[in-house]
Every structure is written in structure tokens, then in C-alpha cells.
Amino acid sequence: MAKPVVKKEYTLGERIYLLEILKGMALTWRHFVFNVKASFRPEPHTVPTCWQYPEDRTREISPIFRGLHMLCLDEKGREKCIACGTCAKTCPAHCITVKKGKRKEGEEDKYASKMYCASFDIDLLHCIFCGFCQEACPKEAIVLGREFELAQYTREECHLDKQKLLANYRKAKEEGKLRPPRKAVPVVKPPPKPEAGAPKTTEGKAGKPAVAGKAKKGQVEVKKAAEKAKGAGKAESGD
Amino acid sequence: MEGWVIAIIKVVFIWAWVLLIATVMTWVERRGAAMMQDRLGPNRAGPFGLFQPLADGIKLFTKEEVLPKKAHKVLWSLGPLLFALPAFSAYAVMPFGDKIVLGGKEIILQVSNVNIGFLYILAIGSLAVYGIVLGGWGSNNKFSILGGLRSTAQLISYEVPLGLALLAIVFVYGTFSLRDIALAQQGTFLGFLPNWGIFKQPLGFILFMVAIYAEANRVPFDLPEAESEIVAGYHTEYGSMELGLYLFGEYVNLVTLSSLIVVLYFGAWHIPYIDVSKFLGPVSWGIVSFLIFYLKVSFFLWLFVWVRWTIPRFRYDQVMGLGWKALIPLALFNLFITALFIQLAA
Amino acid sequence: MDLRERVEKCLGPEGLMVAMTECRGDLSVEVPKTRLLDVMHLLKDTPDLEFDFLSDVLGVDNLAFYEKQKPKKKPEGEDTEAKKEKGPSPPRFEVIYLLLSLKRTERLQVKIRVAEDDMEVDSVTSIWKAANWPEREAFDMFGLRFKGHPNLKRLLMWDEFPAYPLRKDYPLEGRGEERHLVYGE
Amino acid sequence: MNQDPVSQNDQERLGELVTINIGPSHPAMHGTLRVVTVTDGETIVKAEPEIGYLHRGVEKLGESLTYHQFIPITDRLNYCSAITNNVSYEMAVEKLMGIEVPEKAQLVRVIMMELARIADHEVCVGILGVDLGAFTPFFYLIIQREEIYEIFEWYNGARLTNTFGRIGGLDADLPDDFEERWRELKPNLRKANEETEKLLTHNRIWMDRTIGVSAFSPEDALNWGFTGPCLRACGVKRDLRKDETYCMYDQFDFEVPVGKNGDVFDRYKVRMIEMEESIKIIDQAYKLYKEMPADAPLKARVPKVIKPPVGEVYSALESPNGELGFFVRSDGSNKAYRIKIRPPCYMIYQAFNDLVKGEMIADLIACISSLNVVAGELDR
């Protein structure tokens, strides 16, 4: 079914193969010389694009890299997690299991709130590292860290329990590789306050039929208004 | 008796030397490619990864030999042998230096100076196609047989321009002996050019280069093993040292062909305008000529690598088209011109 | 004249339109299954419409949808209304053709309903070759049979696969069909 | 597909034709494609693609996951440009819910999508080179893709499976160092493209291998449902970014390249030019982005639990491969009732037999690479 082709005219330089081939060879030669020179540069990072990975770990990993999970402690060393189970619900791969525990008297220095997670299990073999758990977490307790070397020999090792998660946190803290606190994304302000602070963007425009004017208080972080929004969502789904 | 010993020493020496070059070539190929592609290449085994070929060799030797269920056993095992052997045997007539005087005895740096060296190389070189086509057939794999067929067609087609280009050289030098051709390239030509084959046969040189790229199955003529089309061509089913023989034979082939270029077109061990042998003793001149020769060879070896990592590969019919429609007419033309000049000069 | 009217004008007189819905600007027109090819030809050739590009063909299984649509909820689409008109057992499947008019850059969804006991649908491959694989996929996933399709085989699942995986009564985890696969010669 | 089985079988029995099974594990079959080719010598008589080796039931999965949970799954469709998939899906759900995304978020989406487009085209062109035997351009291009991934990594922590954006907007602003990175990257991108062109475009071997190979007429292409670079290579000027504009694409000044023959060379060339245009778009989008106030919203007000009203929409955007559409039907619950993905290469790949019939095996490989068939997207 191929239709006849519009013949492309070859120029003379194209017709005799050698000219373009020589040009190409000049190009590869330039790269060759550059890289040979570069590879004699002092260690560890020689040729610009190659990282001698296991030895050369100087490559900067993004501070918000979505790697190995950890359970954070607050500044007093108490567990942040309140075992609300939002992470488990949000997880697309259903790899998180949380069991609730109630704080007893005298455990205030261990757990930050009244509820804590008695167990917290993550199956790394299921996890897809989407980062939804850390986004959903109201306390910023579960966080994906910068650790990316996750290969293990057994299935059991790929199973993260609470102790491992806390250990991950301690290790990251020691190395100073904690994830910076999440920056809340500015959300469109509710219509009742028409174009209050927001300048000439169109975000304040009316005409969002689905999102009825359920006001969140000013510029709230999404996750903090979880319960409210849930209510709002339910109400909205009626229309 | 003495002649025998010397011959055997020469054989062993040159055999080991070519093996060494071929081994190093695998390293050069990979590192060179890497450097052209902004990578580093193998750099783990030894300094600069120089022991990488060794590691590869050990790996190939220790791997399990797998014989496909329906493969033809005899042809299957014959294939790699027939491919590697001619590559080595072709070196028998290749000069690799001028001569060396040891213990008052003059030794030519060539295993045997037969006066039909030329024909020998052509004959032996064509034998390599058997290894490929038998391996491809014996594997009982459609990709292998395709690779084998492509290779057969390609090698046979490119034998013709190769032979014609060589014929022109024979016209010019009037001899079939490679050593005589090498010796004839001393001095200058037309008073200012080095008396090298390339200046006497510029067109022939280009034709010859293209033809040997096809003979050696190198990019842009690496159709028989074009990995993106027919997996690995004729050696798809091979593993272990049988595969090693194929890969290695290819590099030995490269060395042979590069040496041939140097002997025929690049003045063998001569340096233009200077007759180095006058300044050196008979022993040191032998060594120096040997080194000069392989310096030139290494340039052509490098050229193989360089070209390979620069350009894409042809399609099967385009290769045939280039061979029959462009190279053979040009080679005939070249032959004609050469003959004309010789006639005029005489 | 907006698209809605034009489509009505084109299909209405011939009685080729069962219902028309609009959702967020996506016009969707339901047509009788038996006259699908006529509709497609009309839509393609009417100078006002010129839906000459077939984006996709997809099947939908409405089994769970009907179960879920309790009468207490006021539905906004005509889906349920259409169902009511048709009586107690609405056709289970839908085939939706996503059409596009290149010249006008307008999109239209053409919908037909297919009952479970009569799964034959006319193939539109004679009009758009683009329907080839999507129809095969709909056959693969829902068991819809396209009459006149040049090569109606399973596309994504293997040929011996016994079920239709995108139907709503097929479990997400599968039924372990792969265990019965026989490998070898 | 091919409708002359009887005569073909006869020929096959006579040994004139050979059936060669290319794939699913073959060096040139990207991912897990498989083509059963019947060849006469090296000439292809029939090439029937078999797909489904990477079928993961994404559409079925979508019916069991909430709207947000499906976003990471879309990453795994066209893994070369995950961001485009994310945005396409998000746009479908936003359309279903009637959400209007803030402008600044749209700009960030444009920037990221165009980066993804460059990355995708780079892989495609590079692989095309590799399949035709020219290895080196692949590395020059892939290095730049790596730098693009670096930007992605600093944007939200993942390189390949980005899970970019959320329904209604974004989850993060552009990183502070974006400008610096982009300024560094831009000349490198251009240089890599230039070098690729230098090595390939005018090289006669390359021209012989690509010009006129698997050429396709615009009528056929439209009938087969071609979109994207493959359609534009046939000479149809159609780009959803221009024709059905979304994400403020109408505010940017860019060209839509078209080819003439619809052959491999034109597809390659269209992709090369598109990369250049993408660079221009990113520049313009970033300029607009800079003009926005720092606290301009990036997310529309979206309920935490997304429950779109009953209805069905189809929303498409111009992915690097062509029209990537999502058909989403909601039954009012928090899970989609039906999600149908319209992958661009699915439509293109079904015409494969017509594309390569009568060509040679080597051309089949060139054709399949130039179509940029991504198994993840194809099989879903």
C-alpha cells in the first residue's frame, strides 16, 4: 500500500558516500579526544556522563527522591505516626498495613499522640514508589527517603516492619539526608473571597460546576483538611 | 634443520603476536567506542580495563557448550573452525618487517616468501565464507541461515572488486610476492611523493578499503551479524568458545586485512623520504621495521573501529548494489587506467 | 448551528437516533444497533458533519452500572432513562465509537447497545481500517462479535483464554487461567 | 489482515516462503513486540504483529482503583514519557468533573510535558539509529535525556515513573533550580540534536536506509487512525496542541513540522524538528510562568475524595506518539466505571502489515523503530 515516493534529490556530497562519512568521523574524533582527555582528569568523576557508581557516590540525589520508606520521629524523638491508616487507604498498590495501638500512661516520650501504630508493614515488592502515602500522611510521619539501593536476597528482607522503618529514619538522620518538609501547593482560593490576594490569574473565575463553594479556610494544606474535604466530596457527588 | 627451527619460531612468534593484537583489539574496540560515545567502557579488569579480553576469554572458555536440538552436529562444530583457521593461515605469507640479522644469519621477517603470496591470500580469504555459511546452515535457525546467506552473497560479490583492485597493484609492481611489493615501495615517486601504493593507486586504494570492510563484515557491511535485524546472524545459536572463535576470528581477520593494506598501499615498513635502515644496525633495523609496520597496521585497525562507531549499516540490496553497480565498474576502470599508464610509461 | 442540531438533523429524519446525551461538552448519540453502518456512512459523508476519523472503539459492560443505579438517586445521564424505556432487562453491553471530524475538529461519540443474547455487531472496518484492533480488543475483552471483521481473533489475551476479562463479573485477580496453559510442542 | 491465506499456504508448503518469527525477545523488538513475518527471501510478504505480551490489565485495574490511585498506573503506559500520560488522564478526570486548572499549573504541565516529549523523541530517534546500525547518536541523545530526568527527579523525586501532577493541578511547584538547569540543558540538547543530524541526516547510507522506506499516503494514514509524528510525516498537518488546544498551547508560538512521504526519514525528521519546537515552547512557557506571582495557585479546589458525577468523557492530548486519549466513565462512585486508553501507537502499529509489505527485513526493523511503538502503551 506504500505510495510512490517523492524522490529526494541527493546532492553531490550526499551521493558520494565519503564526504559525509568523513564529516561524521571528524565529529566522533572530537568526542574521542575530548573524552580521552577527560578520562585523565582526577578521580572520581572522569568522563562527564559516567558515574563510577558503586565507588563514586558523589552524585547528588534529589532531597525529595522517592526511595526507601521511613517512619519519622519528631524533634523529641517520639513517633509521629498516629495510625490513622490514610496511607494504607491511599496506596495504589495496597502494600501498607497499619495496626493501631493506644498510648498507655508513661509512654508520652515514645509516641507523639494518643494513637500510635502498633505495627506498620510495607511490602516493598508491591510498592511502586509513587509517594502517595507521604502525601496523604497528615503528620508527615511516613516519608520516602533518599535510599535507593533496595535489592535484597530474600523476600523477607523486602518486607519493612516498623523497626526497620524507624531504623531507616535514624540512619537518614545520621547522614543528614532527611527529606525537607513538604511545601504545600497553593490552592485556588474559594469564590466567596473574589480575587482577594490573587492577582490577574484566571483561577478565581466562576464556572466550576463540580466544585461547589465549600470553603476551605484560606490557604490550607490539602491534607490537613482531609476530613472536611471528604465530607465535601460526599456532598458534591450528589450532583 | 636450522631453517625449520627458524620457520617454526617465526610461525609461533607471529601467531602469538597476531593473537595478542586481536586480543588488544577487542579492548580497543570497546574502549574506543565508549570514548566516542561519551562513555567509559570496560575499566574494571586491570588498569584501564586492559585485562578485559582475558576475562572475556575465561568466560567464554568456561561457559557451557550448547548444541541446539536439531542442529547439524558436524557442520555446527566445523563452522567456527573454518572461520578462524583461514584468518590465521593468511598470515603465513604476510611480511611483518624487513629482515633481521641474528648470529650472522639473515632472517626475513615473513613466515614464507612465496612468490604467489597474493593468490594465496585471496584463496585463503575466500575460504572464510565457508565457516560462516556452514555455521549458519548447521545452526538450524532461520536467523542464522539468513546471516549465512547474506554473508555468502556479500563476500562473493566483494571478492570481485577486491581482486580487481589487487590486480591493478600487480600491474603496477609486476609481482605476486608481497615482500617484493613491500620492498618496491621504498624511495619516492614522481620525485616528491613517497613511493607508496596509495599514490600510485588512489582509486584502487579506496575500492580496496571498501571491499575489505565488506570482507571483514564490519560496519557498514555488517549485515551477516546485524544484531538488530537478524539477532546475531550466523552465530546466533553459538555460545562458549565456538562463539569465541567466531568473534576472535573476526579480529584476526581485521589484523590480516590491515596488514595487507599496509603492505600494498602504505609502504609496509618504509618511512617516507628517510631510509632508516641506513642509520641502524641490522638487528635494530629488523626490530624498528617491525614496529613501524605495526604502527601503520594499528592505524588501520583503529580506522575499523572509528568507522564502525560513526555510520549506520547498509541494507542487503544496497550492499549488493554498491558492490556490483559501483565498485566493480570502478575497479575495471581503475584496471584500465592502470594498464594504460603502464603501457604509456613502457 | 451547533453540533447537536446538526447531528439531529442528519440522523433524526431517518429514525437513526435513539438518544442523545451530552457530558461536559462531549456529545454522545445512541443509535440502533442494526443500522450502525448506515449511521456511520451518514456521519462520514454528510457535508455538515464529516466525521472522517475514527479515534477509538470501545466496549462497556453495564452490568454493575445497572445494579448500582438505585432509583433513589436522580441520574443525570439518559442511560437510566433509556433503560427504563426498554423495560426490565436493558442490553448489557455498549459499544462506543469515538469519531472525530478533522476539518471541524469536532468529536462525537456514537453508542450502540448490545444485549447479552445477541452479541453480533456490524464491524466498521469497511469504513475505517482503524477499527481493526479496537474491535478485536472489544471481542477479546467483552466477547462482542463484530460481523465482517477481517480477522476476529483475540488480541491481548492468548487464543485459548476462556473468559472475557473486562466484563464486570470477571474478578480482578483473574481465575487462574494461566495455570491451564500447556507449554511445549 | 492479509486476505489470501490459501495461496500463501501453498507457497509456503513449496518452500518458497519462509515464516520468520521476530520477537517477542529480539534485539530490535522494543520491549515485547512480536511480528510473525512471512518472507520471500528477504522481502516481506506478510508481517502480522502479535501483541499482548505486556498486557497487564491496566483498564481493569483502573476500575478497581480510585481516581487518584490510577495516576501512578498511567506512568507505566508509555514509560518514555510518563508525564504526558499522567496529564492526559488527569485532564480526562478534570473534564469529567468540570475542574478548571489554574494557569500556572497548566504552564508547569506544559513545561514538563514538553520535556517529556523531548525525552521521548530522543529515545525514539536514538533507537532508530541503533536499529540501523548507528550506535553513537543514541548515546549523545540519551545523555541529554538523562539530564531531563534529572529535572524530573528534582521536581518530584522520580525519574521515570513520575506520577506527575494530581487531579486538579499539581503536587509541587517547579524546583528553584529549574531555570539554572534548563539554561544548562538547552544548549546541550541543541548540540546533541545537531550532532545527531550531522552523523545521520546527510549520510547517504542513512538516507538510503530511510527515504522511501515504509512510505504511507495521508489517506491511508488517516483511515488507519494514525496520529502524531507518523501522521505528520505523511503530510497531514494535524497536531492536537494546535487543533484542539489545551493547557494554554494556543498562547505559544511554535511550528508543526510535516513531512512528504510518510517514510522513515520523514518521521525521523519530524521528530528532530519537534524537539527544537519543544525547546521553544518551554522557553515561552517558562517566561509566562515567571510572570506569574510566586503564590499563584497551582491546584484547583478539589475534594479529597474524587467522585465525579455520572457521565463519560473522552479527552485527548498530543503525546509524543500522537493522540493519547482517555475515555473515562463514572458511575458516581470514587472509582472509575470504565477507563479506556487510546494509545497512539496502538492505532499506528495495527497498520504494520500495510506499512512493511514488500519491503525487506531490515526495513521492517527501521519501520518499527520509527513508529516508536512502546509495548507498555500498546498492550496496556
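Assorted remarks:
Note that the chains take the letters A, B, C and D in the order they are written out, and that residue 1 is the start of every chain.
Operating definition for what follows: a contact is a pair of C-beta atoms (placed from the backbone, for glycine too) under 8 Å apart; a residue touches a chain by one contact, two chains touch by 3 or more.
Being a predicted model, the structure only gives us computed values, none of them experimental.
Chains that touch both subunit C and subunit D: there are none.
A comparison of C-alpha centroids places D closest to the centre of the full protein.
When the C-beta pairs in contact are tallied for A-D and for A-B, the bigger tally goes to A-D.
Of all chains, the one whose mean C-alpha position sits at the greatest distance from that of subunit B is C.
Each chain gets one centre point, the mean of its Cα atoms, and the points for subunit A and subunit D are 23 Å apart. Inter-chain centre distance (subunit B to subunit C, centres taken as mean C-alpha positions): 64 Å. Each chain gets a centre from the mean of its Cα atoms; for subunit A and subunit B, those two points are 54 Å apart.
A straight line joining the Cα centres of subunit A and subunit C is 38 Å long.
Listed for subunit B are residues 36-39, 309-311, each touching two or more other chains. Looking at subunit A, one finds that residues 21, 24, 27-28, 31, 49, 239 touch two or more other chains. Residues of subunit D found to touch two or more other chains are 98, 136, 143, 199, 203, 205, 309, 332.
Interchain contacts give a graph that is no line, ring or star and is not complete, per the touch definition above.
Under the contact rule defined at the top, the touching pairs of chains are A-B, A-D, B-D, C-D. Taken together, the subunit A residues at the contact with subunit B in this complex read 18, 21, 24-25, 27-29, 31-32, 35-36, 39, 46-50, 52. Only residues 65, 68-73, 75, 97-100, 102-104, 136, 143, 146, 153-154, 156-158, 161, 163, 169-173, 195, 198-199, 202-205, 207, 211-212, 214-217, 220, 260-263, 265, 292-293, 295-309, 332, 354-355, 357-359 of subunit D touch subunit A when the two sit together in their complex.
Residue ranges on subunit D touching subunit B, taken from their complex, read 18, 20, 26-28, 42, 129-136, 138-140, 143, 199-200, 203, 205-206, 208-209, 360-363, 365.
Per the touch definition, subunit C reaches subunit D in the complex via residues 23-26, 28, 52-56, 58, 60-61, 64-65, 68-69, 73, 75-77, 79, 96, 98, 102, 105, 107, 109, 128-130, 132-134, 141, 150-151, 154-158, 165-166, 170, 172. Of all the residues in subunit B, the ones that touch subunit A in their complex are 32, 34-40, 43, 206, 306-307, 309-311.
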